[in-house]
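The data blocks that follow each hold one structure.
One chain, chain A, appears in both complexes that follow, with chain B as partner in the first and chain C in the second.
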Partner chain A sequence: MIARFLKWSRHNLFGKPFDILLSLTVIPGFLWLAYQVAAWTVTTARWEIIPESLRILMIGIFPAEQAWRAWVAIMIIAALLGAALGCVFAFRKRHAAGLLLVLAAVIALTGSKDLTNALLTASTIAIFASGCAAISLIPLLRRALLPAGFIALIAIFAVMSPPGAGLWGGLLLSILLTLVTSIVSLPVGILLAFGRRSRFSSMRWICMGYIEVMRSVPLIMVVYWIWILMPVLAPQFGLADVVRGMIGFTLFYSAYVAEYVRSGLQAVPREQTEAARSLGMSEFDINRSIVLPQALRVAVPPLVGNVLDIFNTAPLVFIIGLTDFLRAGQMILANPQYGDRTYEVYAFLFLTYFLVGSLITFVARRLETHLARGNR
Partner chain B sequence: MNAIIEMKNLNKFYGSHHVLKDIDLSVSRGEVVVVVGASGSGKSTLIRCVNGLEMYQNGSLLVDGYPMPVEEDRRLGGERELAAIRKGVGMVFQQFNLFPHKTVVENITIAPMRVHRKTRREAEATALKLLERVGLEAHAHKYPGQLSGGQQQRVAIARSLAMEPHLMLFDEPTSALDPEMIGEVLDVMRELAADGMTMMIVTHEMGFAREVADRIVYIDQGSILEIGKPDAFFDNPENDRARSFLARVLKH
Partner chain C sequence: MNVHHAKAAEHAVDDDLLSARRRRNRIRYGATQFAVIAAAITLVVLFALAVKEGLARHGIRFSFSFLWDAAGFDLSEGKTFVFDGTFWLAFTEFTSERSIAQAFAAGIVNTTKVAVLAIVLSTMLGVLLGVSRLSTNWVARSLSFWCVEFVRNTPLLIQLVFWYFAVILHFPPIAAAAEFYGVVISQQGLFFPALVWKGEGSPVAIAMATACWVAILGLVFDKHRLVRRVCMGAIVVLPCLMLLTGIVELDFPVASKFRAKGGTGMSPEMAALLLAIVVNSASYIAEIVRGAIDALPKGQWEAAASLGLSRRDTVHDIILPQVFRVVLPSFGNQYISLTKNTALGIAVGYPELFNIYGTIANQTGHSLEGILIVMASYLILSWAISATVAWADRRLSKRGAM
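On to the complex of A and B.
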């Protein structure tokens, strides 16, 4: 074991003069940093702030006595995510082990005295697992996934709205924003991508113009514009800030989705369309059943990456006064009582973003290999 | 009246490139016509005009009683006749062009279900019968990528037949196949011809052409130079170019 490590390190770390130089500077530096972080984590840092303000971090200023609504939303999300993952990955035992680990982490965070939260987390995880299992065992359910997604969104809105959409916040807001944007921008982006290759040139120009404009301006600009324009364009609706933010995000990311789908469409050989035409199929049927499924195979990995982009840019909604996860952290620090806990809070934010991000990246990777295998 | 394809003075251009020149050709029901000619002479273009995969600029083309609209009319959206024509005309391609994301059965059932509004059960029953006919009933639930070229091409033929076409077009159906698989595909085509299917075939398999064809069409640089019975064409071509073409291909 040690001998193998030595051999490996001689090859990889100390093989050439440049490697030696690099290793001699980087490795000690890294070790020093790791030691500092570890020492701070276990000695200096006072972590009680995280469990104490966990509710704010998770749901912002959503009223505590209404927290059950947030839990219902989280469970719906869990079912949906589980089902989405179940489309690709068969449910295995080691996945169950991973989920138990998550449960343990949550219990450690919330403190063992609060059993309700632990129980709720456990049921959320169970729902997630059963969503995953159900879809991987009954493939027919897959067809219902996108419609189910929309129904789930409506259900979430219905359950979360009564206390006032202005109160949504924290990690839940970030996740909801990501979810709504990813789901709604998918059909919009697909339509844009098809519109871009329509027979009608006016349609082509409109779609292309839209995509190009959206792709050449910053997201924050679009979000802000939609926020100030909505009351002017649709005053009778009186849309909440959250909804306007979601509209802005969706309009912006639809253009990116359209580009990913377009590259997928280009990857489908013309001969596929010709074969379907020669069978007498209508252009609509051809696009829906022959071209789109093959295009999406190509587009799915970048589309999953797009979800990560959305999640990581969610903090920008602070521009329209929303309290997402990052902003919730800052809000806690604004409390003078906690003013000296900057590092603890930001470490927690960093870790959460890092975990979610690497999870999505991991899924995208696996999807890529899975689809490559499926293509044969 | 008995003609299923009737081309009169058909002309086709790619930009300024004149690819089909004043084509006059009629094919009767039940007839097997084989189109031969050098590479680039316009065989594929000719056969693809019949089901509207290529557009022609002037002349007239009647398929199965429907007039195929010329390019100008199709740009204006005259696609109704096109759909009607395509329902009755099957086509088999050099590269098979099966749908890779669908199983063999799904490949065969999708068009009958979508176009003829058949139920899944009906369509699958027909599909299995057709697969039996081409000797592939054991592979019904595989994906095209799991089959050999010859098997894929036989599935492609079954897929076309599922639409119950009056006319089958074949564009070099064996050119992409390994030599040992050519026979199995030609056998299926022979059977089709014997069953009385009207077929228009582009092929380089001269022995097969001679055997199944009622007439041979020789095309060179976009013009039909000779149409004749196989024996007459192969043994004693009238046209000089046809003679040298045959001398070239029959040498191998």
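On to the complex of A and C.
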């Protein structure tokens, strides 16, 4: 064991003079830093601010007595995400065991303080798992996934709207924004991608112009622009800030989705189209049932990466006055009572963002290998 | 009528049918083209009319004449172009009596300043991080991996506000500023030593400075390797000579009670924005470099090893030259997204283009005209970057390897 470690360290730490120098300077420095951070985490940091303000971080200024609406929305989202994951990854028995462990841990850790929330969290996880298992074990359900997704979106809006869409906030707003943008921008992006390689040059030019302009201006500008433009264009609707933000995000990210889909379309061999044409299929049928499925297969991993991009740019809605996760954290820090807890709050924000982001990245990477397996 | 005639007649009928169908197709194609264009134009006109009507309801007229009004607001930093009555455009500090057009110019200058600095710094840091993934040292490898993962999986905005509110604003105030080899680090900003021209009008000094410029131009543009080497030598030697003879002097900043004197400074907002964008883009660039290295055929490594090249020589002479030829277009995309990301400066109050636009829109109400200007500016910036990168790409691939 020790000999093995010595051999490993000779190869990986002290192989060359420069490596020795690097290892000898970086490792102690890093250990010192790690020690400082750990010492701060355990002794100096006062973490009670996080549980105290957890509600604001999670749902913003959404009224506390309406919190059940947020829970319902979260459960719908969990079912949807679980179902989406179940399409790709087979649900195994060991996954079920792992989930049971997580459930037990959640209840054991938080159950003593706040039993209802612990139970609600646990049931959310359970719904996620059952969505995953159902889709993965009953392949017939997969056909219903896309309509179910849209119905779920409508249901979420129906549940969340009554107190006023202006009250949405916190992590829930970030997630909803990401979900709506990534689902709605998909069909728009596919249409744009097909438009960009249309037979008609005018169509091509219009789609290309839209995509190129959207890709070279900042998102924050598009969101702000849509936000001020909507009341000017359609004053009779009086759209809420959240909806205007979602429209801005969708318009912006459709251009990116179009580019990913286009790269997928280019990966489909021309012979496929020609063969389908020689069978007498119509252009619409060719694109819908021959080209698009193969193109999406190539485009899915970058599209999942795009979901991460959307989630990571969701805090930009601060420009139109919405309180997303980051802004909620800043709001807590603005309270003079908590002014000295900067590092605690930022550590929590960073950790949450990193966890969600890593999860999405992980799924994208797994998808890439999973989809590459079928290629000949 | 014999068989031949019948066939010929059939052919003629076929030809007629074919040409008729072709004509029909052509007409249908043209009609669709026309319909698409007409629909697009109608949409744009309807959109413009609706906007005009909506603005009229708010009592605002769509016009660009507000650009020449006095701005009436100050910027925390920023220089603009001033027409000084003669032939030249002067480049001076923005003040509130300047026009709104000049405020936009100041915003573009500030955005470009951050973008150019960030492009240079993030390329250096990113390549370093990407190459250290190849290191034989486990510490360097895993450190760069985790840094890149962490930065790529968290939003840029939280990184930016963290750098600003949790790092830079926690620096010591300038009265007790930390000094680090002549660099003053404080809450009020970072101050660096600057080069100051002391040569006055002496011909020798001017000749040396001109020679420096010529050498830089030669290094970038000349095709002969020998000339480029000479130029490189001149670029190293001449500035040293100028420093030694006192033609150019280093001016160190000195911290006083409220601000630092001498040297050149950077406001805390700009420092935070620059730090956040550099670190963020550097990790994306590192990922691009890593991807390009992974995409190289394994045979390249094995061939180099079988020739007896050391690992250092392999990386330096075989791997990196090929990597840098393929990554340049991806770098260009990253530079464009970096430039767009400078718009986040509004979150910390750095007066870049979008921030200044926000102020102007609030003051004058001409938000839609302003958006067009801002959009056009970002489009031009993006196109300039992609043109430059394409030019560099052409040069590099023409010259073969690096």
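The rule is short, and it goes like this: the second predicted complex is superposed on the first by the 355 of 376 C-alpha atoms of A that agree within 3 Å, B and C clash if a C-alpha of one lies under 4 Å from a C-alpha of the other, contacts with A are read in each partner's own complex, and residues count from 1 in each chain.
The definition used in the following text is that contacts are C-beta pairs under 8 Å (C-beta built on N, C-alpha and C of every residue); 3 or more make two chains touch, one makes a residue touch a chain.
Bear in mind the structure is a predicted one, so any value in this text is a computation, not a measurement.
Q: On the A-aligned overlay, A:187 touches which partner chain: chain B = first, chain C = second, or both, or neither?
A: The answer is neither, since A:187 touches no partner chain.
Q: Once the structures are superposed on A, label A:139 by its partner contacts, choosing first (chain B), second (chain C), both or neither.
A: In the superposition, A:139 touches no partner, neither chain B nor chain C.
Q: Which holds for A:29: it touches chain B only (first), chain C only (second), both, or neither?
A: Neither chain B nor chain C is touched by A:29.
Q: So, A:63: does it touch chain B (first), chain C (second), both, or neither?
A: The answer is neither, since A:63 touches no partner chain.
Q: After lining up the shared chain so the two structures overlap, which partner does A:166 touch, if you call chain B first and chain C second: first, second, both or neither?
A: So A:166 meets neither chain B nor chain C here.
Q: Return first, second, both or neither, reflecting whether A:272 touches chain B, chain C, both chains, or no partner chain.
A: Touch status of A:272: first partner only.
Q: If we overlay the two complexes on their shared chain A, which of chain B and chain C does A:321 touch? Say first, second, both or neither.
A: neither
Q: For A:98, decide between first (touching chain B), second (touching chain C), both and neither.
A: neither
Q: Given the touch rule stated above, what does A:339 touch, chain B (first), chain C (second), both, or neither?
A: neither
Q: Per the overlay, which chain contacts more chain A residues, chain B or chain C?
A: Touching more residues of chain A than the other partner does is C.
Q: Of all residues in chain A, which touch chain C in the complex?
A: Checking each residue of chain A against chain C gives 11-13, 15-16, 19, 22-23, 26-27, 30, 199-203, 206, 213, 215-221, 224-225, 228-229, 231-233, 235, 308, 311-316, 318-319, 326, 330, 333, 342-343, 346, 349-350, 353-354, 357-358, 360-361.
Q: Okay, in this complex, where on chain C does chain A touch?
A: 29, 32-33, 36-37, 40, 47, 50-51, 54-55, 57-58, 135-140, 143, 149-150, 152-158, 161-162, 165-166, 336, 340-341, 343-344, 346-347, 354, 358, 361, 367-368, 371, 374-375, 378-379, 382-383
Q: Which residues, counting only chain A, touch chain B once they are in their complex?
A: Going by the criterion above, the answer is residues 269, 271-272, 274-282, 285, 289-290, 293-294, 297, 375-376.
Q: Which residues of chain B touch chain A once you look at their complex with the stated criterion?
A: 51-53, 83, 86-87, 89-91, 93, 95, 97-101, 110-111, 114-115, 143, 145-146, 156, 159-160, 163, 169
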